[in-house]
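As structure tokens, the structure follows; a few thoughts come after it.
Order of writing sets the chain letters: A, B and C. Residues in each chain are counted from 1.
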Amino acid sequence: MAVFFQSLISGVLIGGVYALIGIGLTLIFGVMRVVNFAHGDIMMVGMYLTYLLFTLLGIDPFISVLISFPLMFFFGGFLQKVFINRVLNAVAQNQILLTIGLGLIMSNTVMLIFTSDYKILTTSYSSSTIQVGGGVSVSTPMLISFLITAAITAVLGWFLLKTDTGQAIRATAQDRDAAQLMGINVSRMSVIAFGLGAALAGTAGALISPTYYIFPQVGSTFTLKAFVITVLGGMGSVVGATLGGILIGITESMSAVYISSGWKDVVVFVLFLLVLLFKPSGLMGKSRT
Amino acid sequence: MNKTILKAVIGLIILAALLAVPRYVESPYALHMMILLFLSVSQGQSWNILGGYTGQYSVGHAAYFGVGAYTTMMLMYSKQVVPWVGVWVGVAIVIVVALVIGSICFRLRGPYFVLASIAVAEIMRLSAINLTTLTNGAEGILATEIPAFKIGERLVTDFSTKVPFYYIGIFLALFTIVITYWVQHSKLGYYFQAIREDQDAAHSLGIHITVYKNIGLVISAVLTSLAGAFYGIYVGFVDPPTVLGLDVSVQIMLICIIGGMGTIWGPVLGSLLLVPLSEALRSNMITEGLVKVGLVSADSRVGLFLKENLAHAHVLLYGVLVVLVILFMPEGLMGFAKKMALRRHREAV
Amino acid sequence: MRKHFLALATALALSPCLMAQKIGVINSMSGPEAPIGENITNGIKLAEEDLKKKGIQVQLVWEDDTGKPQISMSAMEKLATRDNVAGVVGPYTSACSNAVAKLAEKYRVPLLIPAAAKEEITRQGLKHVFRMNAPADKYASSLIDAAASLGKPKSIAFIYENTDFGTSTTKTAKEYVAKKGIQVVADEPYPKGAADYRSTLAKVKSKNPDLVFMVSYVADAILLMRQSREVGLQPQAFLGAGAGFTTAEFAKEHAISENIISCTQWTNDVNWPGAKEFGARYKAKFGKEPTYHAACAYASMMIMAETAKKAGGDRAKTRDALKAGKWNGVMGEVQFADYEGFTNQNNHQMLVQQILSGNYETVLPAKFATKKAVYPFPKWK
């Protein structure tokens, strides 16, 4: 029984981080219909940023989110304005290839600067746990990152629902042409959406850095997972991505125990295909292609 | 002389030259580069059928490449089945696999199709790692002893040099080019292109979308699996990341897109650019070349930096190339060449 | 008279250049294996310096295989047929080494593999392939014999990365424990780079293994140990059979690396000639402690270059000289022999070490031991 709860809890906690990455991706897809293959690499940039802030300035990773969030936002905005904007109307595979190319540039530039050495951030609480009884332990840094993720998601929800800009973004996501006709500056919305998406990915990177390790190629695993999460939750739905992230976290964790750690990724991909086939709009999405 | 005849003559001369190469060129390294080139052309042309002509952009073609490679290698390694028989077993299996994948993925459009194709290839890669009795798992299959090929009692080749591989490679590349030509000029090709341009319009004209998409997929998958089988016996080693990895799928797509999708010579151009560039970057040839020509001094800071890092940076340059092509030459090299030709034609008039 | 003198002087001055031995190096200098590949690069660079001091000029042809076997094979083709090297040192990974071995035999180029673990490589009767390091079966037997000599373990759990290295090393270990009558209670291959092993570790914990045998590289090793501590996995011993458990970064993680037992090809305090000096020199020049790969690569290059020089760059003579030779240096006594089904394998003594007070201390075999082992694994704090 302890094994069951342990895997459930760790699944939920890692699911929180996955959710954050997924939310970023779903925003980008929702507003621009761009499949961003560089999403994981953007997260990687966020991780290195966190690492630099920690080793050079001694700023704790969780606190450094306050600095890295806006920096990553500008980075994302820059990427959108200079590169992504040019392919908004191009065929899907060109968008995909462009983002793949950008991802390759990001990961290899970082590799040239920092080398492929694994960087590990060790904070005072990196290995500390809270014992929940019954032999189940909760990782303290994972718990903190989960709480921060929840807070960010709540703020994001408020932003999207209650502010003018947020509603403009949602309008653009719903129907770009109609939004433009209503006077919304859709290209500015695209920049903001990509910036937000990048900031969220970067933050996810910052939050996971006390418990994971940092290297230039870390992005690719997370990109694929992010896609599974966004499709599962419904492309364009923030709530969906949150639920999707947690669901995938739990699925992975449970599969590792009850099937095998070797097959756990297959389970996730099979789930992905099933969703694509039977409910492509995802858990929370409305049907539109 | 008629332009078509001129083109045909030039083509035949080039072909004859290529066929004569092994007689005059001894260097195994040069032959190796040519073989890589032929392999790349075959991969690009195969993808072209589904992606360029039918408009279904699969980023999971490694699945078919891997099935071809693994089937041939596995049969040769554990059941002593000669590769020229094993290859056809692979083709039979890949047809089934393609139809299954098609039935799953063709229900989806646009980015969803892309994601599904990736998911399928990843499932195959992970299965190859885990099903160790079938595939030898992560250790891969290392089989460099190929049985001698005999017709009756006469020994044709014992595969001890690169020459037989050269000829198989050139034949495979030609075969894919011929199929592409045939697709482009046949009724089948028109249906494919109609589906690519506007699926719903094609459907309303009475074209059975699912049937034709699947035909396109099967042709593409079979050609890709032939390339995979060839790769396996040439290199002598396959493992899950090498033949089923996502980067294999991306590479296959890249050759075609950079060269120009939906054209007969696009993948050839793409290969002519990417294969030598990739090897030149990886093996320090560019740095050595710059030093020899005198542009860069071997001991200068620039020289040392290049020497240390250019080999590492070849993937970075790949990424830059992709971005540049997508932004400035979305129709690929063929599209660019056509535009230039058109411009010159216009200026001449 | 002057003319003759000048000619003679010029000839003498040029002769070292004329005598430069061309040696190929295949290594993972970029890609995921690069962090450890760097040690091999640096070890070879130190060898280059020392060879120069001995008057042996080498011209190294570096080939990056990016960790991929098929690129390694391309590199070997190039070195053997285009660059005409006298011999090759490398590659690094087991998968690359196995792939290149057959090519080396085909082109009759002497190949000296410094640090690849996969047993099969030198079990194929290949005359031109030599290996410096002890193969995977020694990893397994050294660790398990060490545990058996310190306690009475009856059960074992395997946690390993599902790559060629992880799978083949574990396969060997499973065969060995079967012979020793230790029961396998868990077998968990994981995909490299996974973020969360907690549920797998909880599952392993529930099986109560006496020994936990892991095969990982650095980053996974640290995560595995951190999460083992979180989950409260408490075996009699943690046996680390991968390079990840022998690096300086791992030892620095005091909270989670203390008392982990690992096996290694070399430590910087073993009393082989020049070992300590090598370690100090490496640290001074490159700013970090070397892993055993550096020492293996250094010794391999020294041996290959010296042998090639004596054989005048002739491949066949170099091969014969490698087979016949005996050396004693930073890797201890080296001799490439045929035994127990191995061909040209250096019967290298592996060292079992344990991290005590943040330092790697050799604990077995007794004649090289600096400290006594701590067993069983003390309770996590």
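Note that a contact is a pair of C-beta atoms (placed from the backbone, for glycine too) under 8 Å apart; a residue touches a chain by one contact, two chains touch by 3 or more.
Just so it is clear, the structure is predicted and the values come from calculations on it, not from any experiment.
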Touch-based graph of the chains, sorted into line, ring, star, complete or other: complete
Chain pair showing more contacts of the two, A-B and B-C: A-B
Interchain centroid distance [CA atoms averaged], chain B/chain C, Å: 36
Distance from the mean Cα position of chain B to that of chain A, given in whole angstrom: 33
Residues within chain B bordering two or more other chains: 126, 129-130, 312, 315
Where chain A touches two or more other chains at once, by residue number: 111, 260, 262, 265
Overlap residues in chain C, where contacts from two or more other chains coincide: 30, 162, 189, 191
Chain C-facing residues of chain B, complex: 27-29, 32, 126, 129-130, 132, 137-140, 142, 144, 235-237, 239, 241-242, 279, 282-284, 311-312, 315
Chain C to chain A touching residues, read off their complex: 30-32, 34-35, 38, 162, 188-191, 193-200, 202-203, 205-206, 218-219, 222-223, 226-227, 229-232, 249, 253, 255-256
Footprint of chain B on chain C - complex, ascending: 29-30, 62-64, 66, 68-71, 73-75, 77-78, 81-82, 95, 98-99, 102-103, 106, 162-164, 166-168, 189, 191
Residue numbers on chain A that touch chain B, as the complex places them: 29, 33, 35, 83, 86-87, 90-94, 96-98, 100-105, 108-109, 111-112, 220, 224, 227-228, 231, 260, 262-263, 265-266, 269-270, 272-273, 276-277, 280, 289
Chain C-facing residues of chain A, complex: 2-3, 6-7, 10-11, 14, 111, 115-118, 120, 122, 126-127, 129, 135, 137, 139, 208, 211-213, 215, 217-218, 221, 252-254, 256-257, 260-262, 264-265
